[in-house]
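One structure below.
Chain naming follows the written order as A, B, C and D, and within any one chain the residues start at number 1.
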Amino acid sequence: MFGKRKVAVVGAGMTLFRRNLKETGKELCWEAAKMALDQAGLELRDIDAVVLGTAPDAFDGVHMKGEYLADGAGARKKPYMRVYVGGGTGVFTANAGWWHIASGMFDTCLVICEEKMSSCFPHPAYAFHTIFDPIMARPLGVTLIWIFALEMHRYMHVHGIKKEEIAQVAVKNKRNALDHPCAQLPAKITVEDVLNSEVLCWPVQRLDISPTSDGAAAIVLTSEHMARQLTDNPVWIEGVGWAIDSTYWTNRDLYYPKYVECAAKMAYKMAGIKNPPKEIDVAEVYDPFDYKELHHMEGLRLCKKGEAPKLTVEGVTERDGDLPINPSGGLLGVGNPIAAAGMMKVCEIFWQLRGEAGKRQVPGDPRTGLAQAWGDLMQYGSVIIMRS
Amino acid sequence: MSEKIKEYPGVRIKTADLRAGLVPLVKYKPEAKYAWSAGIAMSRFLEELKNGRILASVCKKCGRIAVPPRVFCEFCFKPIDEYTYVKDTGKINTYSVSFIAADASRVKEPTIVAVIELDGASPGMGILHKIGEIDWKEVKFGMRVKAVWKPPEQREGAITDILYFKPIKEGEM
Amino acid sequence: MATDQITNPLKLRHWFGHMEPDYAYTLGIAGERFFRELKENGRIMGAKCKKCGKICVPPKLYCEECFEKIEEWVDVGTKGKIYTYTVVYLDEHGKKLEKPTIYALIKFNGAYGGLIHKIGEVKPEEVKIGMLVEAVFKPQTEREGTINDIKYFKPIK
Amino acid sequence: MKKEVAIVGVGCAGFQPVTPELSYKEIMFEAAVRAYEDAGVNPRRDIDAFITCAEDYWEGFSIFDEFVPDQLGAVLKNLFTVSADGLFGLATAYMLIKTGHFDVVAVEAHSKASDILTYEGIVNFAFDPILNRPLGGHPYYVAGMEMMRYLCETGTSPEECAQVVVKNKRNALANPHACYGAKLTVEDVLNSEIQFYPLKKLEISPISDGCVVFVVASKDAAEKLTDKPIWVGGVGWCTETPCLETRDWGRAVHTELAAKMAYKMAGINNPVKEIDFAEVCDMFAYKELMHMEALGLCRRGEAGQLVKEGVTERDGEMPVNPSGGMLGMGYALEASGLQRLLEAVLQLRGQAGKRQIEDIETCVVQTWRGIPTATSAVAVLSG
């Protein structure tokens, strides 16, 4: 009923991702936002609306932290909204930016994601305890790694996947991160290093997981006519999708992320994509644990169920492979300031599609890219599809 | 990266400096305490745990017997029809073995955690709990297990009224 | 909206718990310098935006309005004016205080913003908007580089 | 007024000071069932997106939306959280529908404030951890300071503020959703305990539990679903600044800007003439006056006088908070805005029972996110 509007990404920026950064959350927001604006050739006064994404208040340690961060996010006296879907927030915030413009309500929108996990003392792991049901789960002393290990183990069991296949993801992503100037944990490691690393919660080992981090990332979105004025090579947001599964995660089969499939279907439909493995040239898939990259590739229908490990071992997902996955280095390599990590993936696709990814550039002039994030109690998928 | 970008902002703090107290910090302990109303379904569930029974909810439309119980069927979006009990036995759907505590420190004895599909509930209806009385290397997918309850006088109407689930040996039950 | 309700109030359960984590906040790039000046030199600093010229108290790394980085810092003095205030009769748990506390926003000459702080050495009924006040610092040896290095502001006689 | 997006269903559970008989899931389910029934929709089939408006520390969980999809009928559908008041959820639903990709959107916000044992501690936790929080104290000192500045700048009197309490609590007596109705006099209010001078006990909204769910639809969908759509003519929202030091304490700049946006969208040029009644945030009595002025319902400094003259009574020329406001219905955390919106919709539909105002077409709804924020949202509705 309304004319559908095109939405462009015209600038991106990010801070270093590190275990501890000196900046306050507000200052991190400002640094990333300022860079994105500079890249877009815009000033704050040109911005009509601001959208912020940030994960639990229990990390930064401020109730209603969206409100607290507002001035750093450039929201002073502007329409400003915070969206929040756990770990899926980073990519979802870009989706929220999309509807600010696509609705015809605004022509320019600054989209920022921030996380300062180091404020949580003595360890950010404490905050994760608070994401569980207080009656059914918290009394058991549940930790985040417990439940991801349950999911990983189920996934391995159903498909008969070996740990050495999964470890290949950590090797690839940490190596890719060597080329990322913001990366927290870039490294040249081997499958043996992963298999020999400390067992945290079998089958999860130290090198299977991403770190906790501080950081921020931002993009600038505009309407089509603004984008044409600002740049010769805008990147268009062509599809957005998101979906949530039931709270009762022990009532579902964890071997397959159905919710990611639902989110992807929504985005593919909007973008007119019928054959994802053929039509997606580069993908940033959420990888807080190495198995999640594989799990999500399957949910995104970039391959068949159970097939992702094989593709990874064969090198298909390397930067120069047929289906490059996480050329940035992902969360395993670049770091995982939750919401900012998802936004980093959106930034990476922007840079890849513009041919500006430098040493990380995937060959072959990629035209269509996808970023995805995952969150909540193994129940949230958010997807964005961009085209140059 | 734009190759145009020369430098990325962010001032790193070294962990050693933090530990040595060289970084000025403001410390704070928030007051955030709650008394969550358990509500209709979970109040009943907790009460029944005290009696050594596991309560589930039944939706007659889709035929699903769900645990923990809820007042609605989330798929049919209607109130549930009745409550029922499920058995305190079941099989391991998936498991993991934790060598670290909540604060990420190492523990001596690993904790075995599992999703246990309970007998009498619809297929795939599991709960999260611990597994005991077995070496972690012996645990298998699909293994049959049974709840080990606290003595009745020590129960308080909590999920921890079940201490853990233990393997059912051949011939038992 | 269940088909049944619990009708015995004694059977209604509450589950007790809390949000556990504690916090340690960095002061930030601007904050570290602001509080160092407060602690070491007993000075209240503002940050001057080169674009709009506003002197922001407390100082920020960036101008809230122009979004430019701020690099020039100026001393705004320790004397200011009460912009607004209140007399609080309840403590942080909502219990009656024995002696009320006065909170105020103090603005400094020529500066934008100000400081939220307590007012001391005055009776509640004597406080007025526009009243001139000055910062009363803790002795230097007791200062820790926090906002409480200022004990309170007191009226200038 | 634009007729592009409409409210087609509303459901409410509450409001009560405590609700020990229901979990947050159950209270949400109750409101959702009512809203879907009212709209005639099946959430499993007909709703394209679900928005829940919540903040973690109000709930006592991190990532609250984990616990939401089941009771709203949103399993494996596209639900998400807007970390703000429910009126921001309405604004988001408006945007989603205007993209052309969504037809029916559900908006939910609730309060289980009675589950919180340390309300003040949680509000304090929203303060800047470096600059403000170390000062300690009861967080409502901010309201005391703001009221002081507002009275000083506008010349509004304490009696005029007290009159707001008298009016709203009396209006609440006629509202079955309100739990804090009372027949009071101005003297009762003025003689109540001074807590944050000049703010008094009876001028502060007590907390309440409840949930409101709205079903919002595009024009085409709305016309299929109902013959009495309530049109959302405009929405606006704004954050002035989170910094206590650099905000304007004498006026609600955030509401002024949000109203400007909403009025422009709705084509309202003269709110005094074009708006028939208003539901605004009165978390503290003086806030109603401040917000009336910010919404352009009167000139600055004039609101107190209007209240005193009875203009804002239910039978006055510009009724404000016929529901009883938050003073009458309780402060329902992020559901406060939807509490206001509920009354607006019931009034415009002619379903407000004893409280029904005659001859109304257009109203404005406003919410403020409470202490320590300077953020608000505004919506303009018409029947």
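Basically, contacts are C-beta pairs under 8 Å (C-beta built on N, C-alpha and C of every residue); 3 or more make two chains touch, one makes a residue touch a chain.
Not measured: the values here are computed from a predicted model.
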Name the chain pair with more contacting C-beta pairs, choosing from C-D and A-B. A-B
For subunit B, which other chain has the most distant CA centre? C
Distance between the centres, which are taken as Cα means, of subunit B and subunit A, whole angstrom: 27
Taking the mean of the CA coordinates per chain, how far is subunit B from subunit D in Å? 37
Quick one: subunit B and subunit C, Cα centre-to-centre, how many Å? 42
Listing for subunit A: what residues touch at least two other chains? 20-24, 58, 61, 63, 71, 76, 119, 121-122, 126-127, 129-130, 134-135, 246, 248
Scan subunit D for residues touching two or more other chains and write them down. 20-21, 26, 29, 56-57, 60, 62, 69-70, 75, 118, 120-122, 124-125, 129-130, 134, 241, 243, 246
Residue numbers of subunit C (touch at least two other chains): 1-2, 5-6, 12, 14-15, 17-19, 21-29, 31-32, 35, 64, 146
Quick one: do these chains touch in a line, a ring, a star, all-to-all (complete), or other? complete
Give the list of subunit D residues in touch with subunit C in this complex. 13, 20-21, 26, 29-30, 33-34, 56-57, 60, 62, 118-121, 124, 129-132, 134-141, 143-149, 152, 193-199, 241, 243-246, 249
Which positions of subunit C touch subunit A when the two form their complex? 15, 17, 19-32, 60-62, 64-67, 69
Note which residues of subunit B are touching subunit D in the complex, please. 26, 28, 30-42, 70-72, 74-77
Subunit C residues within the subunit B interface of the complex: 1-6, 11-19, 21-27, 29, 32, 35-36, 145-146
Which stretch or stretches of subunit A touch subunit C in the complex? 20-24, 26-27, 30, 33-34, 37, 43-44, 58, 61, 71-72, 74, 76, 118-122, 126-127, 129-130, 134-135, 138
